[in-house]
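Notes follow the structure.
Order of writing sets the labels: A, B, C, D, E and F. Residues in every chain begin at 1.
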Amino acid sequence: MNNLILRVVSKILIPLIIVFALYVQFHGDFGPGGGFQAGVIMSAAIILYALVFGLDAAEQVIPSTLLRVLASMGVLIYGGVGLVSLLFGGNYLNYTVLASNQIAGQHLGILLVELGVGITVFSVMLIIFFAFAGRGRI
Amino acid sequence: MLSEGNLMFIAVSLAILVTMALALARALMGPTVYDRIAAANMFGTKTVLFIAVLSFLSGRMDLLDIALVYALINFIGVVAVLKLVDHGDFHSSGKEESKAAEVDQC
Amino acid sequence: MAFKYGVLLFLFWFLLSGHYGLLLLGLGLASVALTVFLMKRMNVIDHESYPIHLSAHMPAFIVYIMREIFSANIDVIKRILLPGSNPISPQMLELPLPQKTDLGRVIYANSITLTPGTVSVNLDKDTILVHALAKETADELATGKMASAIPDYSVGQEGR
Amino acid sequence: MDFFIGHYNYWIVIILMMLGFYTVISKGNLVKKIVGLNIFQVSVFLLYISIGTVTGGAAPITTEGVVLYSNPLPHVLILTAIVVGVATTALGLALVVRIKESYGTIEEDEIHECDHSL
Amino acid sequence: MLIIDILSWLCLGAGGVIGVIGAIGIHRFPDFYTRQHATGITDTLCAMLILSGLVLQAGLTLAALKLAMIFLFLFITSPTASHVLANAAMHGGLKPKLDVTATGGKS
Amino acid sequence: MIDVIIDVTVLAFLTITAVAIVRMTNLFAIVMLFGIFSFLSAVMFIGMDAVDVAFTEAAVGAGISTVLMLGTIALTKDRKEKYPGGHRPWLPLAVVIVTGATLVYGTLDIPAFGDLNAPSQKHVAPYYIEKSMEDTGVPNIVTAVLASYRGFDTLGEVVVIFTAGIAVLLLIGGRRRKSDVAGQAGEDDDE
């Protein structure tokens, strides 16, 4: 898009949106937020980039193959945390065994699980957007 | 839950509700589709203010994060509309002058 | 450049966070690093996304624009409430863009939009199309007083 | 009066639900059907959250000196449901796009005509 | 303390009133482009007054900082959104109703 | 009192918006009104103390859903609903009224809104509220329940999202061949 104002303002805003999304991701323990919201906000930042600078530019920043890998990786991180806790002798997705005491283990587990959720939501939202936006392109 | 507290916050939240009602009326009446989009955008800004006031009314500062989200990403919808009007799709990068989508104006 | 930018973003995180444990600060650093990496890939780290070189001129500009916003608001409110004595006369006018940098142009256009009564409709290479609510506001904008108040310095000639 | 105050929330939720339902079953345009489905969805979210609300309760984030919280369980269910809802809505919209590509229309009546004329 | 309270109440009250006036404006003005100016009132002065009233209430806390950020972002995004919308309307072929009696300006 | 006023007003706005969406025929306008609907529901969630839900609704409603619907409109090229009246509105109307009446009849036995002694507040929620801090050390109870107590549930949801993403990719992902586009919309698979 050839709109100068939009280009400059998006340049200023996109990094702020991304940092904010990551803040939401990691502060889900204390206030409202968590992986689901963070993934959506982060993908909104990339969607803004794609709308303003063109879809091709956005696909160069985050290639679709990488997105597909990330989407599966998020689910794998989630499942993997469960598996690791199984290996450590706990129940599936019981994070208590991940660290020396219960609080630390739970905290670590929740952090990792939320990370997996965030990655999956982010990449699936972007996959969906790229599919819609790229349709009809030859 | 909201506490009976500061009269001024209550007054302001009611004033914002009135503003929202008028913006909603504009969104319903149109007449052009751009009026509706403008009203929706204005509604978004008023939601930011409303949530900010609500956070003081209920004493929960966490709500400011939600207001911040709206302030940051509310205008993406408008950008999408411009892209649609200019190019007719989301994938052209802007160099070529593709045919614009005709938007019905009512 | 990227490093300074990262410091700025980390400041943003720091102000948002409100929790200053070691873990969260580390995560903050990681987040900022990821953001800067993405920004580098997007190729958007330049003096437009990071207008620190204007910071010396910003306070004066902010005071100016606040005053303008205030008086313009009063004017439009009068036109809404007393349409009899303050009629509207919508105008379209094309103004020259004296700013040399893109950032200056954007600040100018956004300042025009920020003051109610004038909305910038289209931005061309060196002209700007403005919709004004009344002839008086259009005339005032055409004097170019606002254009000269915009901080417009490219990186070489900043007056720090 | 107490009864009314205690239940208006549910009733309006039901009205919204029925508006969405009506859009889905009576309108022919597929995009509009999906918007109707979304209205229905939001009303279900509102119903769940209404059930979990406690008068005078705080949002379920542990803070010093607060003892009464709203029920966190519906929040968890709906929080995930919203994002899942968007993903499934996108799936529906993708189907609409494919229908448009092979039938050339997104009006239900014309799709039926196409099917019968085969 | 009392002075700050009164000041913040004044800000909040004025903000609310101005918001309502702006909303009346979007019903009084004749066409899309003129309505944008009324929307501008609610986006600028109204938001400014309400947020500064809240900042005065919050005092020197993290909440005040977040309010200041909301304020800053609103002031970056809202004129951009207005401009983008006006631009889209122009490209979409919506003609503004201009005052033909007044001279000057562009055709 | 004020919370009741805000609740009722926002609910009224929601109803008005929904009625307008049902009656409107311009798809652009419908999408924009749906954006307003989403704002209102976020405010409603805040009013009912569901901060996390409101956050999600805010992010989704402002960032994603509008863009996706506009993308669909752009692809299908239809700007207006063609048969706004429907053919016979009476049958669906009757169905809707009967269903609605049944549901209202069902609410008569529901405990009042905000009742602390409702059965739904008595079952597992008190345990979560009491124990989550000492079990997990996470102040946000919603996060604790989401990721720890009900981790399986969330795992399922994430897989659903993942599957939806794959399905969209299968349906409309990938570029179309030139021949498909030339010979009018591709008849079948074009991957």
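Criterion: contacts are C-beta pairs under 8 Å (C-beta built on N, C-alpha and C of every residue); 3 or more make two chains touch, one makes a residue touch a chain.
None of the values given here were measured: they were computed from a predicted structure.
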| item | value |
| --- | --- |
| Both-way neighbours, i.e. chains that touch chain D and touch chain B | A, F |
| Contact distance in steps, from chain C to chain F | 2 |
| Chain pair, A-B or B-F, that carries the greater number of C-beta contacts | B-F |
| Farthest-lying chain, centroid of Cα atoms versus that of chain B | A |
| Most distant chain from chain D, judged by the mean position of its C-alpha atoms | C |
| Centre-most chain [mean C-alpha coordinates] | B |
| Where chain B and chain C are represented by their mean Cα positions, the distance between them in whole Å | 20 |
| Gap in Å, rounded to a whole number, between the CA centres of chain D and chain C | 39 |
| Euclidean distance of C-alpha centroids - chain C vs chain E, Å | 15 |
| Separation of mean Cα positions, chain E and chain D [Å, integer] | 32 |
| Residues of chain E engaged with two or more neighbouring chains | 22, 24, 36, 62, 66, 69, 73, 76-78, 80, 83-84, 87 |
| Residue list for chain F, restricted to those that touch at least two other chains | 49, 51-52, 54-56, 59-60, 62-64, 67-68, 71-73, 75, 77, 139-140, 142, 146, 154, 161, 164-165, 168, 171-172 |
| Touching two or more other chains - residues of chain A | 3, 5-6, 9, 12-13, 16, 20, 24, 30-34, 36-37, 40-41, 44, 47, 51, 53, 57, 121, 124-125, 128, 131-137 |
| Contact pairs between chains, per stated definition | A-B, A-C, A-D, A-E, A-F, B-D, B-E, B-F, C-E, D-F |
| For the chain C and chain E complex, residues of the former touching the latter | 15-16, 18, 66, 69-70, 73, 76-77, 80-81, 83, 88-94, 109-111, 113-122, 129, 131-133, 135, 138-139 |
| In the complex with chain A, residue positions of chain C that touch it | 5, 9, 12-13, 16-17, 19, 24, 27-28, 31-32, 34-36, 38-39, 41-42, 44, 46, 48-49, 51, 102-103, 105-106, 109-110, 120, 123 |
| Residues of chain D defined as touching chain F within the complex | 2-3, 5-12, 14-23, 25-29, 31-32, 34-36, 38-39, 42, 45-46, 49-63, 68-84, 86-91, 93-98, 100-102, 104-107, 109-110 |
| Parts of chain B lying in touch with chain F, wherever the complex brings them together | 1-2, 4, 10, 13-14, 17, 20-21, 24, 27-28, 30, 33, 36-37, 39-40, 43-44, 47, 50-51, 54, 57, 60, 62-63, 65-66, 69-70, 73-74, 76-77, 80-81, 84, 88-90, 101-104, 106 |
| Chain B residues within the chain E interface of the complex | 8-9, 11-12, 14-16, 18-19, 21-23, 25-26, 32, 34-35, 37-39, 41-42, 45-46, 48-49, 52-53, 55-56, 61, 64-65, 67-68, 71-72, 74-75, 78-79, 81-82, 85-86, 100, 102-103, 105 |
